[in-house]
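Next, two complexes with subunit A in common: one pairs it with subunit B, the other with subunit C.
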Partner chain A sequence: MTRPALRDGLFGLAAFLILAALPLLTTSSALVDFVIRCAALGLFATSLNLLVGYGGMVSFGHGLFFGMGAYSFGIIMQRTGMPIPLAILLTMAVAAVAALAVGAICVKLKDIYFTFVTLAFQMLVHSMIIAWVPVTGGDQGLRGGIPRPSFLGINLADQKQLYLFSAALLVLGLLAMRHIVSSPFGYTLRLVRDNPTRAVFLGVDVYRTRLTAFVLAGVFASLGGVVMSLFVSGAYPEFAFWTMSGEAVFIVMLGGTAAFLGPMVGTVLLLLLNDFVTRVAEHHGLVLGTVILLFALGLRKGLLDFVMDWRAARRTRAQADADRIAGTNTIAGTDKIERVAT
Partner chain B sequence: MLEITNLVKSFGGVRATDDVTMTFETGSLTAIIGPNGAGKSTFFNLLSGAFRPDSGDIRLDGQSIIGLSIGEIVRRGIGRAFQVASIFPSLTVEETMLAAVSAHHGHASRLGSRFPLASTRAHAAHCIEMVGLTAKRDTLSSNLSHGDQKLLDIALALVLEPKVLLLDEPTAGMGPEERWRVIEKVRELWERQKITVVFIEHDMDIVFKIAPSIRVLSYGRVLAQGTPQEIRTNPAVIEAYLGTEHEAAA
Partner chain C sequence: MDLNALTECLSSTSCMVTQATSGFIIGMLLFLVAVGLTLIFGVMKIVNFTHGAFYMIGAYLAMTVFQMTGSYTLALLGAAVGACLFGVVVERCFMQRIYGGNVLMQLLVCYALVLILDDLVRIVWGPEFKSMGMPDAFRVPPLFIMGGVVPPFYLFLIAAALSIAVILGLALARTRFGKTIRAAAHNPAMVSVLGINTGLLFTGVFALGCLLAGLAGGLAAPVRSLTPGMGFSILIESFIVTVIGGMGSILGALVGALLIGLIRTFGALGFPLFTEALMYLAMAIVLIVKPSGLFGREAA
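Here is the complex of A and B:
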């Protein structure tokens, strides 16, 4: 194992231990619920950032895979009652097949066409959910609860255990995605994002690279959907509605696209804002809109990107000062002021 | 050896490449010159597979490359750098080269391991060293000077270990000093690597000084070919190309 991989692993372990210790400090069930929702949305938003930040593909239909994850998992559990880990793997496989089919068409398209065709596919799936009542429950959603049989001594019907399980899925999912963006494939994806034409002349298969990213993103979005359906013990058409995709785009904008954990920061921010604002204000959409405007026009980037850039700039300045004192010259332009996912 | 026979490419009614026949010997250094719109870039696009010719043949070491994909032509050994430096702005020099080497070695889709692969380091470092960017390997590509960006573009082509290297105006848009620095690097590369280098160039001083062999294109046709001395004294070239240059300068 390489050192950066080990560092990521330890970081993940530490994060999990902290999350696991949280319920010991407080008995607030609101906090437990908050973290589970963070796990669902965080996996979803981070998977979207594989496309937006690392692939340069702004999907507006990513909710399709979130919804599909929730519904597939719910339907599998209601109809077969197979062990939960197996059902999760099967759900991810279903999402992979769906992403392969949708992506095969979408990733050929450029920019705005990509964005809108992903949106179109999402609305198609949303309509299917509404129309296919015998399987999906139509606009009422998948009701009757999702069975949660115990496995390996874990009982997800218990909120504490569901909490730990969600936290574990979040950490594992993030580690897996972190590994993806740190792999040779992850860097091929960056080549394609930055300059697809040049990548072709390096012998890179641009279509295959984009499609692989699309499938991987779909799979991890579905994992977010699984966590959500476990949390609410059901699945609802809104999970596959365009506003769900919009929420993920919103999160990515809030948190940032360059730093890997940007979308995670965005998720926490959005949920905090959401919970706080809905409690105090009647028109919470208005407040949320204002906040996103402040981020877009004020910071011009997500929060974590802003912090990282600020730190990088400060380091560069400190370096320049130190060099000036030492009387040496720096090589110009070693600072990373405008960051993209690296 | 790169052999081109009766190559034709038309856009609408315009024959951008009009019955071009020429040969680039293995290990040669050749400049292609010609007035604006002479079809030089189109010619390069045909050689690298970006355009498909209407008729004619291109053979690399005896094998036709017509109809092959860009990726396949790259694998056969024709690499190119671009008129406007075509780089990856958000990656550092080293990241760019490591990613390019990794793709060239067939690891583009590899998910199981961590970037960079140990096996890619030596070749990446070698290519960076060949264009003289070793001291700037941690610099973000978008922060490089114009000349260094062009050198990085060339280094990217070198990753593919090409038999033939096509350079579209390697000194375009540079000041005189940077021009000579870049072109000296190109010459040095050619001498060290023993690859076939073909470059498009507008600066006559550079062309006459470093290219042992020159081809002149005009209106898509081959107007003349020969040594710098032969080209300098060729009446057709003087009339079609150098003449207008002199008038423009006067």
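Here is the complex of A and C:
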């Protein structure tokens, strides 16, 4: 195991232990629910950031895979009752096939076309969920609860155990995605984002790189959907509605695209904001929209991006000061290289 | 799937006529929205994700004006002018800040505006389904054309939208404003250097698009039910239309819109469950065969 991978692994383990210890500190079930929702949305948003941040592909149809994950998992469990881990793997496989089909058409397209064609495919899936009542339950959603048989001594019907399971899925999912973005493939993806022409000259298959990223992102988004459907014990058409994608795009932007954990920060912020807004205001969209406008037009970048840029600027300044004192006149170019590598 | 119904309909002229006219009105409404979308994209290079909201505002304004005055002409005027003025405000306050910005920002600002506008409509007009009712002038027995039943309002709608298409096409080709728009679509920096106020021009194009969307809303009000989410569904369809027709092409918008309208009505007969899927299928086929759209010039 390489050192960064070991560091990430230890970091993940520590995060999981902290999450596992949280319910011991407080008896509030609201916190447990909050973390489970964070796990679902966090996986979803981080997977979107694989596309937006690392691939430079602004997908507005990512909710498709979230919804598909929730529905496939729910339907598989209701109809077959196979063990949960197997059902999760099968759900991810379904999402991978769907992402391959959608991606094969979409990743060829430029910027705004990509954005809206992914959106169109999402709305297609949404309309199919609404129309295919016998299987999906139509606009009422998948009801009747999702059976949660115990496996390996884990009983997900128990809220505590569901909490631990969701936290574990979150940490494992994040570690896997972290591994992807720090692998050679992750760096190829950044190259394709920054300069596709050059990537072609270097012998990179741009189409294939983008498509792989699209499929991976879809798979992890479906994992988020699985957590969500376990949490609400059902699946609803809203999971595949465009607002879901809008929320994820906002989360990614809120937290920042440059740092790997940016979307997680964004998720926590958005959920806090959401809970706050629903408590104080009747018109949820109005308030949320205003906040988004303030963020998008005011700050113009994500919170973690902001922090990182600020730190980088400070470091550059400190470096410049140090250089002046030392009398050398080198340019602090190392920072830039580091920034590119994030 | 119900292919029998489809073949049965295709073999009888009366059914054909009925279905085709309802396909045409869907297509015409879509055209009016999509043409604004395509114009705005052509000149400002942004996809106006809020465009559906102006259609919605037009429809609601038309309903209110109609209920207050009883005149459908005034209602249409109110819808178009109201949406246009509203468009100017939105363009000046928000859109101008995101021209040339990155896609993520454009998307977020539009997403926020859609959330806000939908909620505003909900506050002003209430969340429930509304309907305006048919104006008196059109409360006449339907016409029979080749055995098919055609409500007179449908003919009016088709004629109105077609004449707008012709006027718009001529205006873009012949007038000074049209020429400036085409030049700006080609090279806004050069247009600006030649002494044309591009900021004003952008506002003008945006307002024109909103006017058309508002008008579409007004025309749709008598035949569609009004809900706060109505803008978004037509936006998605208009976007499909522009993808099929080619971004920036007016003729493309017209052909694409009619195609989608016909697919919707005839598809509803043959594949009642998967009518929407047919639309997306059409889009996917166009994207695979000719990614720039049927009438698009630039490669997408």
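Quick note on the criterion: the second predicted complex is superposed on the first by the 332 of 342 C-alpha atoms of A that agree within 3 Å, B and C clash if a C-alpha of one lies under 4 Å from a C-alpha of the other, contacts with A are read in each partner's own complex, and residues count from 1 in each chain.
Rule of thumb we're sticking to: a residue touches a chain if its C-beta (ideal position, glycine included) is under 8 Å from a C-beta of that chain, and two chains touch if they have at least 3 such contacts.
Worth saying up front: this structure is predicted, and the values here are computed from it rather than measured.
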First, second, both or neither for A:A296, with subunit B first and subunit C second: second
Contacts of A:L286 with subunit B and subunit C, given as first, second, both or neither: second
Which superposed partner A:A39 touches (first subunit B, second subunit C, both, neither): neither
Touched partner set for A:A248, first subunit B, second subunit C, both or neither: neither
Touching partner for A:R190 - first (subunit B), second (subunit C), both, neither: first
Contacts of A:L124 with subunit B and subunit C, given as first, second, both or neither: second
Subunit B versus subunit C as contact partner of A:L109, first or second or both or neither: second
List of subunit A residues in touch with subunit C within their complex: 52, 58, 60, 105, 108-113, 115-117, 119-121, 123-124, 127-128, 131-132, 242, 246, 249-250, 252-253, 257, 283-286, 288-290, 292-293, 295-297, 300
Complex interface listing, subunit A residues touching subunit B: 2, 4-5, 179-180, 182-188, 190-191, 193-195, 197-205, 208-209, 212, 331-336, 338-342
Interfacial residue positions of subunit C with respect to subunit A in the complex: 41, 46-47, 94, 97, 103-105, 107-109, 111-116, 118-120, 122-123, 232, 236, 239-240, 243, 247, 273-274, 276-277, 280, 283-284, 287-288, 291, 300
Residue ranges of subunit B in contact with subunit A within the complex: 48, 70-71, 74-75, 79-80, 82, 86-91, 95-96, 98-100, 102-104, 107-117, 135-136, 138-140, 142-144, 156-157, 159-160
